[in-house]
């Protein structure tokens, strides 16, 4: 089934395998007239680069995007924007071993069950490199949203047992710490924790939070196209995410109604809320306050420790995964979460344009 | 925007307001040849009836479904199944007050912001009664799935601070306790807790869990149509849900990879997993083990305690919501969660039928 | 497959069989704030009534629509509009004969091949009565379009060998002649022709033309969502239509470019075209001139003359179809064509609202 | 709006402008396990090459396809197949003139009206080069269909006043004549006619016919997803097509029912039809006989003769289009029609797989 497209008006279609010739995305339905150049995209892609050196100068060989269509004289034309990243640095490698067994926590077994075979090189389509397309599309969406005063900020909230402290919150640290934490102290502790984790040949999970400010009220549609429903799908579609929370999320289930309800009040002639347990969404529609979402990310499934598994012949075997793997997925996934939020919110903003006669008369009749 | 449809092949479109003439659903894409009659649907609808008496004989005035199309001589025809429930017992009531202000925790404000006005009677389209259509569709999906040996079971896992104990698990209790808990002891405690809650003019949230057994491996599609992504959307689209977990969910973020990875092994010549932290889904595709999902439900927003809010004139006011309201949404939402799981899994089973040439040759060439 | 829905933002889902309990449609995505009541719908439905007496007072037992949701205090709310017509006048009849064989020109055989069985009563889902839902939706779309100055007019252009003359064109005749011809002379000739046709136990086809005035330029989207592509689909989806032409249509294939190209010129400071061979659409996008479409309709397949066919046992038999059948489909299909044009054009108008940043800034930033 | 995608399960998304860096297509939902290599695609692309020399050895600089993803070890993997053609031979040219006015018969004016500006180089997105993506996708679909014994054949039926004779029908001539006519005599006459046409600085239209043999009965879905409706959309979405006919098409409107109905009979224990006025589709579903479709194509809008038009300043001007233009679109569009037929029929074959319980039990229960 065609599962690589998302969105109703702002629609992205990603393609490509970890070790194929290239990876990319086609973004269709982007409104015409948005200023856009390659650097807007590259800045986002650079945030998903590997490792300890995200704050250092980007390595030359890093994923470099090409814009192949849909932008003319510096502006989007309204037609599909095709973007591509060559898989230059992928090692051809020897995959004869990995091709024959199923790595625990990976999609090897399920792809084989579904399709009868799989591109086993580096995880093929289920590789984290698939998110290159998402991030390239997210960069466009985020730029479009910023023109309406809507700003997204995703960051690492916790890794393993270590959480950021809101008192130490420093937005500039997100892009500067290797953990993507907005708390430099917590980040230092986390680096140590991760070093230990690697020594133990193990990996760990964590939590990514994304907040969105400047939201107009009214985005999202009742019933199945609720904004929170679409955000949940978009975020849960990221490979390693196992839970999604909106606002107070799991805590809301423990609350009393008298606590959980956010009172409305008037501020500067506008309706605002005194609290935001709801995370900016009521009845699936944005209420004008900050959107708050948390994604819970499982540990990197590739670990050096020996693991029990089976091979395609149906034999039980013990394996030990080689290669270089991050001990945690979270820091590199922060920009992926932000991107998926951006594409989802932009799509809801676009479809909302035609939800009432009043809007349409303003556009078509200047009334 | 058309937000009331869900699904690619098995597609439901719900319609209706709390106090309109009727509510219903059109189910399109149901495979032809499924035995179906009204009682299959009614059994599911009866599970979402209000209150303490779910196990008693259904009241005559209860929501009674009519099947208007798509079933002929006891079998589905492959064409749209239209189902309808008359809104006979809705009191016309005096809504002049409620029409003028915004109830905290409800969608009153956001509907007004989106559409310019709203059907304020009983919550209109954002009423819990909208789920009638979901449950009617879910009944069909669950019946179809059962023909493939796929069985769903949703139940209340916790309400406020009281959780079920897996040691006391008794599936028969789900339909017999007023809490929909599969633990009779916990249910009795919960009833007391809810009685206190009502005395305090308050409400509370809780957690619904749904497990699915008999899943074939291979359902769900890579990237955006992942099974977990679609389940997250389907469940988050239920009005009061604020978080969705798959498998270990939020706990996965705290785990080490060595713990979180589920080893594969061989049992009776089949590939199985030694554990199921993943909740039955790897890389967005079912792995053949049990699907596990939890939905975190906020407290009923309608409470008797006085609350601060604003009216349409922009004045801050204090309100006190009248009428009869459940102190907790969870027990009645259990069947809604089960229904949304069923429609999503059936849709994934249907689209999976054409994912490989081998399947198609079996069907078209008897090969 | 779910084939009973159409449209991206303005989305209709029809349901119902000829001899089931009822037929209907759910219209989702209609913009909020459109004045609407039952009479708007009924006026359209009355135009698809049978026979020679379309201009007489409607019979009381005729298809009467109920609006079950989506309209509040006389205006659309933006949520699904569910409409239903009871199948009161359908005779239960004896279908044991028709159930066993395949009527030539009907969908009996293909439904059986597809689904394994069929609701054979009166054609079931493939009956012309399915168009009730289309027309109810079309009435809403046409009303919405009229608020933007867009007006549709469909009429019979020819029946068998008799065509209207443009010199005799009289729009008022469309609703007053039994043929739906805008030419009273041609209509009288046609009535005689049809009487002869019936005497010969035969039926005949014809051509429906629809023109749309007041179109803004810019509706329709490049590549696959071209306005003409979507119109072609919408019109070809009407049971008996076998060809669709836009503008000069089949004649365009015979033209020289120097004739077929429509020169642009300036009139009252606006860009207009000196001719309209293109039928109002260039590159799939409306050019602001009149939309012209023709649908070619096959003869009624139910005829009294004996016909060769086969039965479900695989025996060759001769049949003679009983009952009362119109000798021509065209006059009753005129409003169906108009309806399908209306829903398609409204959908293109809605999705066009968000095609450029300029529009979005006007709506969201009042810029 | 995202208008560059088509299909429900077999889904193509084309992208690219005439003079951009490249053009391409992403094909998602292709079943896994189809043998495929570059030459399958290239053979189709070569058929849309320009001019008089289609039968000669392909020029080296011709559109050469790259497959970037979705094929592994010679077979499709079930994940997106991304294909790309570099725009190597596009001259940068001086478009300052063409950018300022609206060519009659082209989409210049409508793109400007829709988006506010346009990529004017060589027609941008509305260029015939956009069909590269369609043809690349069509090659895959046609190959998949051939594995089920379904074979498509499109050819030129007429150009201007010259039609092929069915008595001279020679399928091998389609790929060998410069006109793509299956009648070598008619082709020679046509070549002369076209030479005259060019001398007169003019262009001409024509008709493309496509027949499909080996169709199973049962493809296509009732109501809006009828096979003929989807074919009509697919074909009308090709830039220059102004009319689409199925079976007898416009002639059906002139027929009597006694002539137009195709009698069923038994042949070799199978149900067949004695005639095929319907063109292989009844009630929107394939009936197992040959599919017949005709597309009416307008003359090339770019002609050397002087034409009246207006520029962006609103001045009436006379223009004379330079450059090298084919006097007729038809021969190069033949493979585009065949491709659009292929993708539409494959999609209907795929979605049909899950239309009845019987099929699903065969797949999931081996029953």
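Note that the chains are named A, B, C and D in the order they appear, and that numbering of residues resets to 1 at the start of each chain.
One rule holds in what follows: a contact is a pair of C-beta atoms (placed from the backbone, for glycine too) under 8 Å apart; a residue touches a chain by one contact, two chains touch by 3 or more.
Please read all numbers here as calculations on a predicted model, not as lab measurements.
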item: Chain separated most widely from chain A, comparing mean CA positions; value: C
item: Pair of chains joined by more contacts [C-beta pairs], A-B or B-C; value: A-B
item: Distance from the mean Cα position of chain C to that of chain B, given in whole angstrom; value: 38
item: Centroid spacing, where centroids are CA-atom means, of chain B and chain D in whole angstrom; value: 44
item: Computed distance of Cα centres, chain B from chain A, in Å; value: 26
item: Interface hub residues of chain D, defined as touching at least two other chains; value: 1-5, 8-9, 14, 32-33, 78-79, 114-116, 125, 222-223, 351, 354-356, 358
item: Residues on chain D engaged by chain B in the complex (per definition of touch); value: 8-9, 31-34, 78-79, 144, 147-149, 216, 222-223, 349-351, 353-365
item: Chain B to chain A touching residues, read off their complex; value: 1-6, 8, 14, 102, 104-107, 109-111, 113-116, 125-126, 130, 158, 160-161, 197, 201-207, 217-226, 228-237, 239, 242-250, 252-258, 260-266, 269, 271, 274, 278-279, 281-288, 296-303, 305, 307-310, 314-316, 351-352, 354-356, 358
item: Residues on chain A engaged by chain D in the complex (per definition of touch); value: 1-5, 7-11, 13-17, 20-24, 26, 28-29, 32-33, 66-70, 72, 75, 77-82, 84, 114-119, 124-125
